[in-house]
Each structure stands twice: as structure tokens, then as C-alpha cells.
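Okay, so chain A shows up in both of these, paired with chain B first and chain C after.
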Partner chain A sequence: MEFSIVDRDGDIAVLRLNGRLNMVSAGRVRDAVATAVADGRSRVVVDLTRVEFMDSSGLGALVSGMKAARLAGGDLRIASPTEQVKLVLQLTNMDRVLPAYDDAETAFANA
Partner chain B sequence: MPELPQHVLTLSSPPDDIDAVHDLLAEVWMQLPTISKTDRHSFETALIELTANVLRHADPGKEVTCRVQVETFADRIEATLSDTGAAGEVELIERDMPHSLSESGRGIPLIQALVDELDYSRVGATNMWRMTRWFQL
Partner chain C sequence: MSTAGASEVSILGVIDEVSRHRAIDELHLLESRAEDRFERVARLARELFGVKTALITLIDGDTQHFKAGPLTSVEKIRLEDSICRATIRQEDTFVVSDASKDVRFANDLYVTANNGVRFYAGHPLFAPGGEPIGTLCIADPVPRGFSNAERILLADLAMWTQNEMSVAQELDRAARVQRSLLPKQLMSLPGFDVAGGCAPAQAVGGDFYDWYPVGEGAAFTLADVMGKGIGAAIIAATVRAVLRSGSRHKEIVGSVDAAASILEGDLDEAGTFVTLFHARLDMDTGTVRYVDAGHGLSLVVFADGRTKRLATTSFPLGVDGDDTRREHRVTLLPGDTLVTFSDGVLDLFDGTLASLDEIEKLVRAAPNAQAIVDTLLALAGSNAPDDVTVVAVRRDR
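Moving on, here comes the complex of A and B:
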């Protein structure tokens, strides 16, 4: 799993992931979101365009990030999930809690 | 009788990790180009969840060996896992998803949603798991 963080519009951080979001990489993703939030960027977009696979550990990292962002007055939103990621979100009923936005640019367009 | 396509991986953790199972499945999918995306995604997710569950519940600091076997048939795909970890304290009754803000506890209910059969038994000092997904018509 590779990832990069891009700052956008002050308090928005875009975390672009590339690879598998599973028990191997979940801890790093959780830490990256926590760091962004601690640095004052409480609105976090996780761009899943290049995540070909996510398991429940990876989903746990997104939930952890969402809670950290909301505690700081912001939110975590996901953008552009692939088919396998959508399947996991649907079957865990998390598509309602983490609705998918078309792309990272529009995830916070209305907020 | 033609020989059944069979793929086997023996994983020792640490240092092996879950990515070895993805590599094993990449081989399976190469030889099974007709499988639907839904069947492929469902089975891969279930097998990764099951293996991750085994690795996560192994005694900390102790190596766990896990043998993963995948067999494909005309109408279904099956995986058998055997591992040397502590006896699984797993209730395989249909489990509900945890609260939406929970960060864990979705693995087993997710497997149950993804495959048609999931069985566990303890044989001597070994945990035995079997899961089957019947192909969608």
C-alpha cells in the first residue's frame, strides 16, 4: 500500500491510497488520518480510486478516521470506491455511514 | 476423472502475511477466467477475512502455521484452512454486524454474507475451517 496526502483548501486533507487496504496497511492509514486531524485538517477525503481490495481491517481504519475527524468538528468522506470495496461497504451496511462520493474534489463540495 | 484444480499455500506468520493469500488467489483466477466478478470478489474477500482472523487470533509472539487450500469445481469454489493456533472460540451462529462506529467485529459476519457455507472444527491440535461459495447462475 502506497499513499500520499495532499492539502486542499485549508482544513481539507486528501489521502490517496494505492494498493490493498487490509490488516497489513490498516494501521498506517489510521495513523495518517489521525496525524492529518491532529494537524488541524479535520475534513479528510480518502480517495479509493486505486484501492483494488479492502477488508474489514481496512474498513475499521476508515471508521477510526471518521471518528477522529468528527471529534475535531470535521468528517471523513470516501471517494470513488472500486467494485470490491463497494461490495464490502454494502454487506457491512456501512454504505449508509460512509456514503461514496464520485471524486475527491466534490466530496466536500456542499459542506 | 480429470484432476481437480487445486491450489495450496503454507503460510508461516510471522513473517508471511495476508498478501500471500492474494498471490495464491491471483493464480486461481488466472486458471478460472470464466468466474464472475461477484463470485471472485466475494470469495477473495471471505478467504482474506478468514485467514486474517486466524493470524489475528494466534498467540502473540508465537508463530502460527496456516495451510490454505483452494479447490474449484464446475459449480462452486471451496477453501480449506488448517492452522496451529489456539482453539478457535468461534460461535458460527449467524452473527449480526456490530454498531456502525465499531472498528472491529465485522470479519465473521462479513464471511457469512459472502459464502454459502462456513464450518469450523477442532481436530487434535489443529483448527479446521471450510468455506464454500456456489457460483451464481
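Moving on, here comes the complex of A and C:
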């Protein structure tokens, strides 16, 4: 799993992931979100365009990132999930908590 | 045996032998030969010391088994033919610079052999209880010395090997405990055929299933704790216990709500969540009342040809949100089958929801509940990437 963090418009951080979001990479993603939030960017977009696979640990990282962001008054939103990632979100009903946005640019367009 | 050997058969020697045998038994080391992680140590030792042979051996009675390292197909030799017979009595590294010049070993089978052993260094391996159970040894047909630095290195490798052995034992124990928490077949549910199975991706896992009698029927659970391995398994055992204690609630939503509220703090602390299918079957009517907390993978395959995927409406346990758990119902008539399984089962097919069609076919083709479970676990084999867990309930009459 590779990832990069891009700052956008002050308090928005965009986390672009590339690879498999699983037990191996979940911890790093969790830490990256926590760091962004601690640095004052409590609105985090996780761009999932290039995540071809996510398991329950990966979902756990998104959920804990969301909790951390909301605690800091912000939010975590996901953009452009692939089919497999959508399936995991649907099965667990987490698509209701983590609705998918088309792309990272529009994820916080309404907020 | 030499005369010195005769005096070694003292009562203490016999006790040593018994405890060594028991220690090896507990480590389950003799059952599987030549595992990769042990081969790695042997290979490394061969390279590090520049010797022809490096072996990890286990000593059981008068036989020495080669756990790793032999370059031939030989799996075991008589201990009395091996220089390790001396090493196993040591606390520390045992070195012979030239066995052909050492009266203790000069007439040994493997020393007198063509291109036989000259240099030997071995370090005893101990079970967690301290019993000597084997050796890590190196040997070469050319005599040589062994420096202090090399002694330390060999001892380090022996320590590494020992740790690998006891980690394997710990995992094995954990796996046995986890298996013992799965329900046994002994539940009287006249008219229904029930089977379940679980194949963790690692020794232990975060999936579990459970069933037990409740009222005029039974409760069924299939749950999947986020992640894999021991951490997930500890949470799984907790979830199982808490859900069981909730069976006194008359309503199924009440029992899941109660479990969720007890678990909330623990799940939050562990940073994890649990997806859950929990159902109660009334065996007189065939009615199944269920709650699905983010599980989403349950089917009822009806005898009349229809198939229904059971609704999932609630979040997983451990995920807060404004969520009210709801009870759903489905009725099983004779010939109908309810099957619920973990998402690892999807990976046995194409990983998408199209797998559900395959599972439906498999359920229809199966003569009974056990056959459904057996077929899916066989597909999982021994190297499924994720935990695979299945429960099937078929109404016979």
C-alpha cells in the first residue's frame, strides 16, 4: 500500500491510497488520518480510486478515522470506491455512515 | 552402548526421557517434518558457518529425527550413531574439532564413513518447560576450530529455533481452545438438520458460529470480528459469551441490544467491530426471527425454487450511529434451507455477490446440512486468504 497526503483549502486533507487496504496497511492509514486531524486538518477525504481490495481491517481504519475526525469537529469522507470496496460497505451497512462521493474534489463541496 | 552408557541408564535418565518425550508431544513437532521456518534457520546456519551440514533435530527415545536441514531424504537416525547424543546432555554448546581423533566418536558410523564427519558443533534445544528435546548442530568433513563469536552465534540460532517451536505450541493451544468453543452437534431439534464449520485463515481467527437451545427451539449466531489472528479471536470469545448470556431476553432485538451495550466499551477500546447474524428458530412453526448487524450474507433457499437473501439493516456492533436494530422473520417449510456464512466464503468464488448464485446451487445440490458445510470448507482448503465460516439449517419435515 502506497499513499500520499495532499492538503487542500486549509483544513482539508486528501489521503490517496494505492493498493490493498487490509490488516497490513490499516494501521498506517489509521495513523495518517490521526496525524492529519492532530495537525488541524479535521476534514479528511480518503480517495479510494486505486484501492482494489479492502477487508474488514481496512474498513476498521476508515471507521476509526471517521471517529477521530468527528471528535475534532470535522469528518472523514470517502471518494470513488471500487466495486469490491462498495460491496464491503454495503454488506456491513456502513455505506449509510460512510457515503461515497464521486471524487476527492467534491467530497466536501457541500460543507 | 559403552560401559559408560550403561551407568547413564539411571532412574534419573528414565525420568529425563519421559519428560523429553512429553515435551516433544506437547510441541507437536514430530507430526510435521521440515517446515519452512525451521529450514530457514538450518539454511542460514549452513551459510553463516560455511559448513556442509546444518540440522535441527528432535530426540525422541533412541531416535533422532531431522526436523530441518538434511540434504538427503534421511528423516531419522539412531541417536547412538549421532554426536548429538553428547550435546543433548549439555547445557551449552558442544564442539568436536576432529571427531576422528576423539576416542568418544572415532568409531562412530558417520565418522568412519567415506567423507565422514570431522568437525561438529551442536547446541541443545529446550522445550518451554526446560526439557532438552533436540539440537541445532552443524558438521563438516574438514576439521576446524570454533571461535567464541561462533559459539555465541550458534547459541543465538538455537534460541531462535526454540522460540519458533514454542510460538507454534502457543498458537496450537489457542486453536484448540477456540475449537472447543464451537457448538457440538448434540442439540435436539426434531425435524431440523443443523451443521456448522469454521476454517480460520490462521491458527485462530475472528469468525465464530454458535447455537444453543432457547425455548421451543434454538438460537444461532454467526459473527465476524474485524481482522484476523489472536487479537480477533480474543474478542470473538468475548462476543460469544456475552451473546449467550443474552439468551434470557424474550425478544431477539433485546438480546442483541444487551450484548451490544455490554460490548461497546471493549470494542471501542480495542478499536474493532463485529458483524453479526443472530437468529432464533421456533421448531414448531419453522419461523426464524433474526437480527442482522452488518453481516449481510445469509440466504434462505426454498424448496419451491425461490431464494431470498436476508435483509441486513443494522450497523455492526462497535460502530455507533443512530441505529435501531430490527427483527425480521422468515419461515422455513420442509425442504427449505437457511445458510449464513462469513465474507471469506465469497472469496472462494469470484469475491462478488455473484457468488451467491453459486452458493444457492451448492445448497440445492447438497443432500443435507453437513454436506453444504463440508463442500464450502473443502473449497477453502488449507490456504484460504480469509476466515471461512458457515452455518446451515435445513428443515426436513
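Throughout what follows, the second predicted complex is superposed on the first by the 111 of 111 C-alpha atoms of A that agree within 3 Å, B and C clash if a C-alpha of one lies under 4 Å from a C-alpha of the other, contacts with A are read in each partner's own complex, and residues count from 1 in each chain.
Definition applied: a contact is a pair of C-beta atoms (placed from the backbone, for glycine too) under 8 Å apart; a residue touches a chain by one contact, two chains touch by 3 or more.
Everything quoted here is computed from the prediction, not taken from an experiment.
Novice: For A:A72, using the defined touch cut-off, is the partner it touches chain B, chain C, both, or neither? Pick first, second, both or neither.
Specialist: So A:A72 meets neither chain B nor chain C here.
Novice: A:I5 contacts which: chain B (first), chain C (second), both, neither?
Specialist: In the superposition, A:I5 touches no partner, neither chain B nor chain C.
Novice: Examine A:N93 and indicate which partner it touches, taking first as chain B and second as chain C; both and neither are also allowed.
Specialist: Both partners, chain B and chain C.
Novice: Check the residue A:V24 against both partner chains and state whether it touches chain B (first), chain C (second), both, or neither.
Specialist: It touches chain B, and chain C stays clear.
Novice: State whether A:A34 touches chain B only (first), chain C only (second), both chains, or neither.
Specialist: In the superposition, A:A34 contacts neither chain B nor chain C.
Novice: Would you mind listing the overlap between the chain B footprint and the chain C footprint on chain A?
Specialist: Chain A residues touching both partners: 23, 55-57, 59-60, 63-64, 83-84, 87-88, 91-94, 96-97.
Novice: Over in the complex, which chain A residues touch chain C? Could you list them?
Specialist: Listed in rising order, the residues are 23, 30, 55-57, 59-60, 63-64, 83-84, 87-88, 90-94, 96-97.
Novice: With touch defined as at the start, can you tell me which chain C residues reach chain A in the complex?
Specialist: 224, 226-228, 271-273, 275, 294-297, 312-316, 319, 321, 343, 351-353, 386
Novice: Residues of chain B touching chain A in their complex?
Specialist: That would be residues 17-19, 22, 37-38, 41-42, 44-45, 48-49, 52, 55-56, 97, 100-104, 106-107, 109-110, 113-114 of chain B.
Novice: Help me check something: in the complex, which residues belonging to chain A touch chain B?
Specialist: 20, 22-24, 53, 55-57, 59-61, 63-64, 67, 83-84, 87-88, 91-94, 96-97
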